[in-house]
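Order as written gives the chain letters A, B, C and D; numbering starts at 1 within each chain.
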Amino acid sequence: MSITRRKVLAGSAVGAASLASGLAAPAIAANEPIKIGYLPALTGPSSSTGIGINRGTVLAVDEINAAGGIDGRKIELIVRDTQSDPTKAVNAVAELTQRQKVAIIFGPLNSGEALAATPLIARDKVPMLHPCWVDELIDVKKYPMAFRIAPTNTQVGGGANYYVVDVLKLKKVAVISDTTGYGTASVNTYVPMLKAKGAEVVYTNHVDAANPDLKPELLRMQSAGAQAIMPWSVNAGFLSRILNTRGAMGWDVPVVGQTTLGSGQTKALLDKPENWNKVYSNNFRQVCFAGGKLPARAEEFVDRLKKAKVEMGDTLLWWIALGWDGAKMMGETLKAAGPKADDIVAHWNKTKDWPGVYGTVTWTPEQHNGFPDTEVVMCEVNSLKDGAFNLAPGYAV
Amino acid sequence: MTDATAPAPPARALSLARIEGALPWIALGLVGLLLPLLDDSYIGVIAQRAYIYWILSAGLNLVVGYAGQIAIGWVSMLTLGAYTTAALTAGTATPAWHPYLALVAGGAVGALAGVVVGLPALRLRTFYFAMTTLGFATIVTQVALAWKDVTGGGVGTPGPVFPWPFDPGWGFYYFCFILAALATWMTANLAASRFGRALVAIRDAEVAAEASGVAKPRLLIAVFLFAGALGGVAGGLFASLQSYITPDAFTFEMSVLFFIAILIGGRGSILGPALGTIVLTVLPEFAAPLVQWSTFLYAALLLLIVLIIPGGIADLLDYKNRRPLERHREIVPQPELLARVLDRRTGGEVLSLSDVELSFGGVRAIAGLDLEIRPGEVHGLIGPNGSGKTTTLNVISGYYAPEAGQVRLGDAVLPPRAPHLRADYRIARTFQTPRLIGGASVLDNVMIGGTIDGEGSFAESLLTLPRHRRDEKRLREAAMLALAVVGLDQLAAVRADRLQHSELRFMEIARALMLRPACLMLDEPAAGLSADEIRRLGALIVAISREGTAVLLVEHHADLIFDICDRVTVLNLGKVLAAGTPAEIRSHREVVSAYLGA
Amino acid sequence: MPISAPEPLLEITGLSSGYGKIGVLRGIDLRVGAGEAVALLGPNGAGKTTLLRAVSGLLPRTGAIRFAGKDMAGASPRETVQAGLVHVVEGHRVFTQLSVFDNLLLAGYGMKRDERATQVEEALAFFPEIAEKRQDRAGTLSGGQQQMLAVAQGLVRRPRLLMLDEPSAGLSPVLVDRVLAAVARLREGGTAVLLVEQLIEKALAVADRVYALARGSVVLEARTDEPDLPNRLEHAYFGQDVRAPLSS
Amino acid sequence: MFASIVSYGLAVGAVYALIGITYNVMFSASRVFSFTAGMLGMLGGVLGALFIGKLGLPAIVGLVLVLACGAVLGLVTELVTVRPVLKSIEQHLYVLSTLAFALMVQQFVAVEWGTEAQPFPRLIAIGPGWLDQQFWLPMLACAVTIVGLELLYRKTLIGRAFLAIAEDSYAARALGLPETQLRMASFALAGVIGTLAGFTGAEMLLAFFGNQSILNFYGFVPVALGGMGSNRGAVVGGLALGLFQQAANFLVGGIFAAVAVFAVFIIVLLLRPEGLAGGSAARRV
């Protein structure tokens, strides 16, 4: 910006209140804490994911700081709750990049807010790490500093489609979603993929998540001859009503879909425990029980959570693991490359098979989607134990 | 006593008031201009959001603050503007437009939506209208969700990016600043024009506005059009600020925010709502931990405002009107100035009722009435309660359509049930209980009377083009003259609700004189006046009639009637009991007994 | 004719009232003795109805009102009624959706059940014509009958002073006499009456004393048996400087 | 399909009718149209789920507690938001004060109870399908309320006092009726009816803070179409709206159902602003 910074006596309340903190040039003293921006959605309609991830992130940052931080410099996690509202996300991004001058931004955790925040964070040239699945969020040319440590919508849908068509060998499928950004985007992506694999999509619709009665939808699916229902939504209330209605109708059909199908919030809203039978949700090989046992890294992570007495009952292991991996990745990167944006991005571009609890991450300068296709699997939602599930039947262990 | 010719307010005093009023705006403008020097784009984003919300609220302020229509769901304008601009720029439904053109289109769609939402206001009661605007807002959000291929449905669509010179960053900041300043300037111009005064008149004194010739439908539609346009433009800017819009970005809380900002600011002011909007946009940023409770706090603030200071910030800042007025004020009319006020251009026509009949649910209120009010005469109309005096007045004013018979001015038949057209026929009237705009100055109240004499159009007032300024000057001078005639020119700048009852009576007469009436109807003007005030009133009425105006005086005070009337008609049970000169009526046997109930 | 007792039943001093800014009454002094019938006359707009509303608490007022030895400052309409000062408003505004009997029960709202029942019967006894129609909806009654019902409502609480606002308005002459006859019977029964009436002769026939109101103040007070009363009333209404054609 | 449209339509229609009656009961005693009707409906569900679901109280105790809270909230509404603005009723300040109060309660529930739609505990588990409790309970509540109000208005003195004030509040005041106590009583009664609507309808509508704005609008439509103050209009209007909405919901899908309902609402109001039934008994002017 060509306008030099001069001390200007701004008369209005707006200027004065922020004048003091805005001006001090952030000389990076040795013991100055490294600021990391963090945009979880802790309240509002789609906040169940955010609350889970947040537990992992906070635990990781506390451990890093307890172990002396980054070469003696503490990590300061600056949290702004986006409340699942894009307008709040935009304000928060401007504060984190300009006012707080953070080194990295982790989040937003919901696609709605991420779609609004990503272009702004890219414009302010701050490295961004996020776990959202909407494909458009990663574009090496438009957003060179944006990296994803979770699968894309295409990978998640691909995993679910693979299970229905290739593992369960079913032909007629019904696909339904709520009306949020995530819901509609998923259906638009997965229906063509399903057809490409030779399956017949007999029914598809977007339904308002607050609609209390889903019976008409399921009745139409049944009359269309659907052999599997694939719901795409992060709204636990909406998913539980699908399962309750299926149970009430006594319709024996598998439900294959999004991870929230297996969340504690969904379970709490079920009329009967049996409604959770034959329900398979996306999950991730690294955090699933295979033959009764978790992979080594996940086993060790669960012990760590138990020692730190982290609440597991009402959320999922992979959410917490995701939060943990994000914080750990940022910690290691800062240790290796320091807080300068270009160094961080250079370091991330060279990351190969990074051993995350949630997933092994690989980035290249051309590919900023770090999650491997093979680790996107399905799991049995009613096998929930310590937030983790059994691998769905049919996979080669 | 001021000299004979009433002084137009000295240029110095008027301009001093205008500067004094502009001081806060200059301060705000300076802060806005210099803010980029802080080079903190976080403050920049907050300021841009405040400008964008103010552009919408400035328009909404005319609807809620000035016209008093409770339009709650106004976020729908923002949504429509945002999606129109975004969709046209992205070219989802049509070939891609240039962003600035798309913004104009956004404003046009907003204007159209404003009229669609505004139409019910003409027919529906306040609560019904509030409900419909709320319903409209939920519908717009749901259509945005459903119309996937244009709006991107739940996924949303990228916002427009404006090229040079208002490219993203401080360029766009100044774009928002300039548009906000423009919106403020235009709404302020409109508020200070005869349209603004007519708006407030519709809110506080609808019947008086109608009698002064204000056509409520046309004016309200124009205001809704303009407010909708501002809402649409704000929507386009909002889409650009958000860089990506999804339906859940347009929450019900925003509607509440816009609404509360105006109410906190205070009805009938521009500065108050502007400060209200700034405060409500900036507040959540500083109250980070409370952010979860932001809507709760807004609602609590609204409740406090409504219960404790309905006048809002504007009332608090209005120290001018708290200075005490000196106690014993004398009303000293100057009838000699009447010649200049009434400047006899229209020839004196007779107002005549021939064989008029009107009944309410079987009861015959007026049973075959013939009446003539000749120019240059004061015609008294008396009779016991329920004799049909006020009903006759209301028939002439056009509130009721007679079943039979006609009301004519000269030989032109007056259209029934069209009170607002009476002003065009130069028929003016006052009311039994004075109708005033409490919050406006006495001068503004009187200027309402001359609304139909202005030639400038709505748009010209928006931009204070020459015809607007000429209208204002002429109206102001005519109003001061009318106030001088009735003896209230010292109180021109005082808020009308601080006047005593008798002064309000004379103020209403001044407002009626603004129409240079061919026929003036007075509905019990002497009620609540002291003896010598009645004497001065009588002299003024006589002087008005001698200038060629036909005066109809409906009154209980028998002594005033017999003192100043040239002719008197006594009504009883809707029929003429007796008619003649005051002396004849005075000694008419049936009159006295009917009148006295002997 | 009872000479007014040492302390009158109702004493109003310096009463002012109006509607918002419009001052109607300017300092009224008026008194009504126990069991006395007083007529309140005056042209339209003189403030007669405003006076009754101010006394019964329906309108805010300044000035002092004492009733049955008690200061009635700030008394609400309900407290005024409970003190025994009942105001039968103008225009026989009875509840048309409810039965005659219900209208009367409501007049005794808050009284003990049996007390209310007997006093309702007492009130009905005054107007046998509506007593038979006790179960009919008040809306089905004629104007005159509704006026009787309104007066009967006023009697349910056995008031010490009954204020009647133009009971004759809109009634045929026959009905007017019947209503005013009931007022006369009330007087014999010891109930004081303050009667606002347009028909001067009818009012004078019933009342012991008369006040004339004009332009918001009392312009005449006299006993009804004083000579030359109609003439003095004429002067009072039209101010001093007018010939008096009425002197028959 | 048809059976569930009718059963679901009548059930949700009964809830809208009860909310409509809540509006009318408050309106007839105070000439004030209060935004709190939807709030009472929402709280009926949320408080019911809290007392019975979370705290495990028996159903009857839960119901009584919910109705008691409704009555108390009704009184608070009258005291805080209606009485102070009654003097300047022509400025319609009551619209703003009641809206503000209702919003405050809604946001409090959103923060404390959560923004997720929680299930409402099953009270009387009989009958699968259309015999399910979620259908006949609201209709029963609606019938009980209508009969109750008829008895109140016809048999009790306070009921007749309500009718008197509704017809001519000036005459009622002159007659010595305690206008303030009667207004408080009617707001408390409206509180009970509103929470009863929410409680019995919560099986379908769930305990959800968002129900407030839904019930505010859909409870208002039958009153506007049926004519202000007429309970008969509210019941007929409510049931018709319920059926129309469910039919549209099945045939056209959720979003367009809301658009269809709103369109019908606007068109009818523009043609007949005083409603189809011609409005309540014309007030004596």
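Keep in mind that, in the parts below, a contact is a pair of C-beta atoms (placed from the backbone, for glycine too) under 8 Å apart; a residue touches a chain by one contact, two chains touch by 3 or more.
Owing to the predicted nature of the structure, the values given are computational and were not obtained by experimental measurement.
Colleague: Starting at subunit A, what is the smallest number of hops through touching chains needed to reach subunit C?
Modeller: Minimum step count, subunit A to subunit C: 2.
Colleague: Specify the chain most distant from subunit A by Cα centroid.
Modeller: Taking each chain's C-alpha mean as its centre, the farthest from subunit A is C.
Colleague: By number of C-beta pairs in contact, which two chains lead?
Modeller: Greatest number of C-beta pairs in contact occurs for A-B.
Colleague: What's the distance between the Cα centroids of subunit B and subunit D, rounded to whole Å?
Modeller: So the centroids are 36 Å from each other.
Colleague: Averaged over CA atoms, how far is the centre of subunit A from the centre of subunit B? Could you give it in whole Å?
Modeller: The mean C-alpha positions of subunit A and subunit B differ by 54 Å.
Colleague: Could you give the separation in Å between the centres of subunit C and subunit D, each centre being the mean of its C-alpha atoms?
Modeller: 43
Colleague: In angstrom, rounded to a whole number, how far apart do the mean CA points of subunit A and subunit D lie?
Modeller: So the centre of subunit A lies 41 Å away from the centre of subunit D.
Colleague: Of all residues in subunit B, which are in touch with two or more distinct other chains?
Modeller: Correct list: 142, 145, 292.
Colleague: Which residue numbers or ranges of subunit C touch two or more of the other chains?
Modeller: none
Colleague: Quick one: which residues in subunit A touch 2 or more of the other chains?
Modeller: 43, 45, 179, 208 - these are the residues of subunit A that touch more than one other chain.
Colleague: Can you identify all of the chain pairs that touch?
Modeller: According to the stated criterion, the contacting chain pairs are A-B, A-D, B-C, B-D, C-D.
Colleague: Applying the document's contact rule, which stretches of subunit B touch subunit A when the two form their complex?
Modeller: Touch residues, subunit B against subunit A: 27-28, 30-31, 34-47, 49-50, 142, 145, 148, 153-156, 158, 168-170, 241-249, 251, 254, 278, 282, 285-286, 288, 291-292.
Colleague: Across the complex, what residues on subunit A touch subunit D?
Modeller: Subunit A reaches subunit D through residues 43-45, 47-48, 179, 205, 207-208, 210-213, 215-216, 219, 236-237, 240, 265, 269, 271.
Colleague: If we count contacts the way the header does, which residues on subunit D are in touch with subunit A in the complex?
Modeller: Checking each residue of subunit D against subunit A gives 1, 4, 8, 111, 115-119, 204-206, 208, 210, 249-250, 253-255.
Colleague: Subunit D touches which residues of subunit B in the complex?
Modeller: Going through subunit B, the ones touching subunit D are 70, 72, 119-120, 123-128, 130-132, 134-136, 138-139, 142-143, 145-146, 252, 256, 263, 292-293, 295-296, 298-300, 302-303, 306-307, 310.
Colleague: Considering the complex alone, what residue numbers of subunit C touch subunit D?
Modeller: Interface residues on the subunit C side: 56, 58, 77-78, 80-82, 86-87, 89, 91, 93-98, 102, 105-107, 109-110, 153, 157.
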